[in-house]
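Next up, some structures in structure tokens.
The following pair of complexes shares a single chain, chain A, combined with chain B in the former and chain C in the latter.
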Partner chain A sequence: MATDREVLRIVWDGQIPAVIHADPEEVDIQQPEDFYLIFPRLSYLPLVSDKVKKYFQKYVNNQQLDAGNIWFDYNGTPLKLHYPIGVLYDLTHREDEGLPWRLTIHFTKFPEDVLVKFSTKDILESHFLSCLKEADVLKHRGQIISAMTKKDHNQLWLGLVNDKFDQFWAVNRRLMESCSSNGNGSDECFKHIPVRLYNEDGTFTQKLISPINETGQRRTLHEMLEEISNTDKQAVAVRTHGVFVHEETPIQWMSEHLSYPDNFLHLHIIYKEI
Partner chain B sequence: MLTMTWEEFQKDCGELMHLSNEFDDGWELVSKGSDVGQVYLKKTEKVRENLEVAIDMEECLLEEPLDLSSEEPVQSDELITVEYHVVYSISYQVPMLFFRGYRSNGALISLEESWKLFNATIKSYTRQEMLSILTQMDHPHLFKPFLCLHPCKTAEILGQTSDSQNKLVTFLSVFGPYVHLKLSAKYGMYFNEPEAVQNIRRDTFSR
Partner chain C sequence: MSDSPITEEQPPPSLKREESIASSIPEEHPQPQSLSVQPNSKVDILLNATGNVPIMKKRKWAVDANKPISWIMQFIHKYLKLDPEEQVFLYVNQTFAPSPDQIVRNLFECHGTNGKLVLYYCKNQAWG
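On to the complex of A and B.
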């Protein structure tokens, strides 16, 4: 359906206005002007920070500089380099702070105990690929990704890196096809939904969640929320790509249309204490 | 292909802990909650390895020739403290091996150093191959960076040992030695570990 394809495009085009500030302790003499830019929500910080790095690098004390391992913080919280930018923003940004999203760049003292290091882009690429593999194991027992060629894997990665929607989706649509072997065959769905359920503190849990409920119908977001609630806390709402998702949405549809390029749904769950 | 349910993983952990208490070899069971996947095994070991890259070795040699007649371990071998975590992967439904190494000066071992540790046990792999075998990832319960052996081939390899009585012990005997984690042979004897494991170990990561 044309409307559904439009959703993919809207999700792909999601952006966040940001401003980057230098760490005053790292700057030699003169504090540089802030750097304004637009982040694509679906990308990763190491993929979009080349220009920022180049700009600030010349102001930083050379002896301390570790240009291969720059990192960012928001209000003192180091930002995970392997989380999609949209996920980082939705998890950390406080509405009362307004826009642009204000981050600080660091060239020294990499917090090794907190952040996974991505000194070169091929490490991030391998991380991205391992997410795709894991997602396909959940959806199709890994059969689609392993039948793909190295060229297909490259095309997915380069589509994301170069912000080429058509290039990416020409391959990704194969990963989004449903298998008919599931259930009674009347409704084609994934085996499980690749999903990360984020808590307020930025940690997440994974669960095996089937897109079909006990009565053979498509499981809705509302039903999934009931399933992940427990006696202490009730899951009441879900936000992803900066918007709240309607409770009657089938999670199979969400997986096909609202997943990040790594093929996972990254859902920020709002809980209510009971 | 051979996967494990969460219940099987817990059962195997329980059996391993029972034996570990008897052998007194330091395995611990850590529980982070009651949900699926929230229990894992942990062990700390001292490992002797030379992590310096080859080029540094050459420089050393020029300045200060090593005494080859000595039986002592060469000076560049250092004692590394490695913390191993065996975690259940919900997606792959197999055990996963996470670890963190601290050098004698307290620094965490880097990705490239971990590859050196890995390659010390077998033939060398290219950078691209290593990136699909061993990389840093967030620990699924601690959310801190750990080194991790990728699980994508685990089910296939465990499938070759289908008569194992404790799949977790089989998993550790096959994958542990790549990262210097040695499970005492007593575990294998207790569970009548099939001899096949010995052969599999040799070509686990072969291309």
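On to the complex of A and C.
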């Protein structure tokens, strides 16, 4: 049995083996060899693709080489540059395709109607910090993140960019502290759980979800699934970080241990039609 | 505007100052915060100017709940007749900038107050 602290480390170390293929239409003379690499699940595509970019740009005709135009697809599905890689993988990867995860890199024809452009890493950084702020608004009315310094914000971002677990968690643990403002002194929880509930098609829903149920107990994943089910479809299971989460897990515990670095739980919900 | 998903709910107030406009907006739909939005429905948004940006005469709009934030940004850009190179930034409750592809319903569900979603717009980054 892993201790709770070890869970954080296991989640942080999650990786996905991938192979990147060039878009044949963009290649000048000869099709380059595929590029193999390991993605950290918690990172973002623009943060881990510098080497990939450098390798392939020798082969593509360089009329429109602009780092901000680079994007990836899996089986024709463009991958969002501001979703954590693990979320993209869990949503799109088909089991029967096996590993490595086979992506295509594109340097042109950026699909602006479906992807948001992140032309520099600074823009991705402000997106990341916005997610942290939104999460803290839900958890602590934003009081913890707004009391942090610019240096703390930097440390969170650089911890993620440079894959430094201790650096990231030295600051992040403050964001994961509970407050007892729920009127439930004995059991300290967040005000609400920052969570994105993904559908099969990659869209997601956000709702106000309290970590405490009507009887004052910690709300379990099972109870949350019942709450988001409706007359058409029933939520039957939840996958995150590539694993199915046990239904009796309190969602407060999930938020503290299974959130991505942006402080949101990204849950892939499996529905059953009724 | 007839084909626009944003619809006028009231004649635009002729008042000039933002404060007096604010006080003239009737609380039409007092709702509990947790009220769920039905599919294909509209939600009320309140657009507040912040920093050095023109004020919109009409601040309260009913928007299709499935619209992305980028659509509201483009709407403000057009409404204020900004230059093409000028950028619109949007913030929820003066705290965070939602992603351009976030949909209005999700923000309303989590951050709506008194039956509406309060957004602040500006031409420069305000709350990072």
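Following the convention adopted for this analysis, the second predicted complex is superposed on the first by the 271 of 274 C-alpha atoms of A that agree within 3 Å, B and C clash if a C-alpha of one lies under 4 Å from a C-alpha of the other, contacts with A are read in each partner's own complex, and residues count from 1 in each chain.
In the analysis below, a contact is a pair of C-beta atoms (placed from the backbone, for glycine too) under 8 Å apart; a residue touches a chain by one contact, two chains touch by 3 or more.
All figures in this text were calculated on a predicted structure; none of them were measured in a lab.
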In the superposed model built on chain A, check whether chain B and chain C fit or clash.
clash
Does chain B (first) or chain C (second) touch A:G142, or do both, or does neither?
both
Taking the superposition as given, does A:D122 touch the first partner, chain B, the second, chain C, both, or neither?
first
Quick one: name whichever of chain B and chain C touches more residues of chain A.
B
Of the two partner chains, chain B (first) and chain C (second), which one does A:R102 touch, if any: first, second, both, or neither?
neither
Touching partner for A:K233 - first (chain B), second (chain C), both, neither:
neither
For A:K207, is the partner it touches chain B (first), chain C (second), both, or none of the two (neither)?
both
Now for A:D113: first (chain B), second (chain C), both, or neither, which partner does it touch?
first
Find the residues of chain A that appear in the contact set with chain B and again in the contact set with chain C.
80, 82, 116, 126-127, 129-130, 133-134, 137-138, 142, 203, 205-208
Under the touch definition given earlier, write down the residues of chain B that touch chain A in their complex.
35-37, 90-92, 108, 110-111, 127-128, 131-132, 135-138, 140, 143-145, 150, 152
Flag every residue of chain A that touches chain C in the complex, lowest number first.
80, 82, 116, 126-127, 129-131, 133-134, 137-138, 142, 146, 192, 203-208
In their complex, what parts of chain A are in touch with chain B?
80, 82, 112-117, 119, 122-123, 125-127, 129-130, 133-134, 137-138, 142, 194, 202-203, 205-208
Provide the residue numbers of chain C that touch chain A in the complex, in ascending order.
33-34, 36, 70, 92-93, 95-101, 103, 105-107, 109-111, 125, 127-128
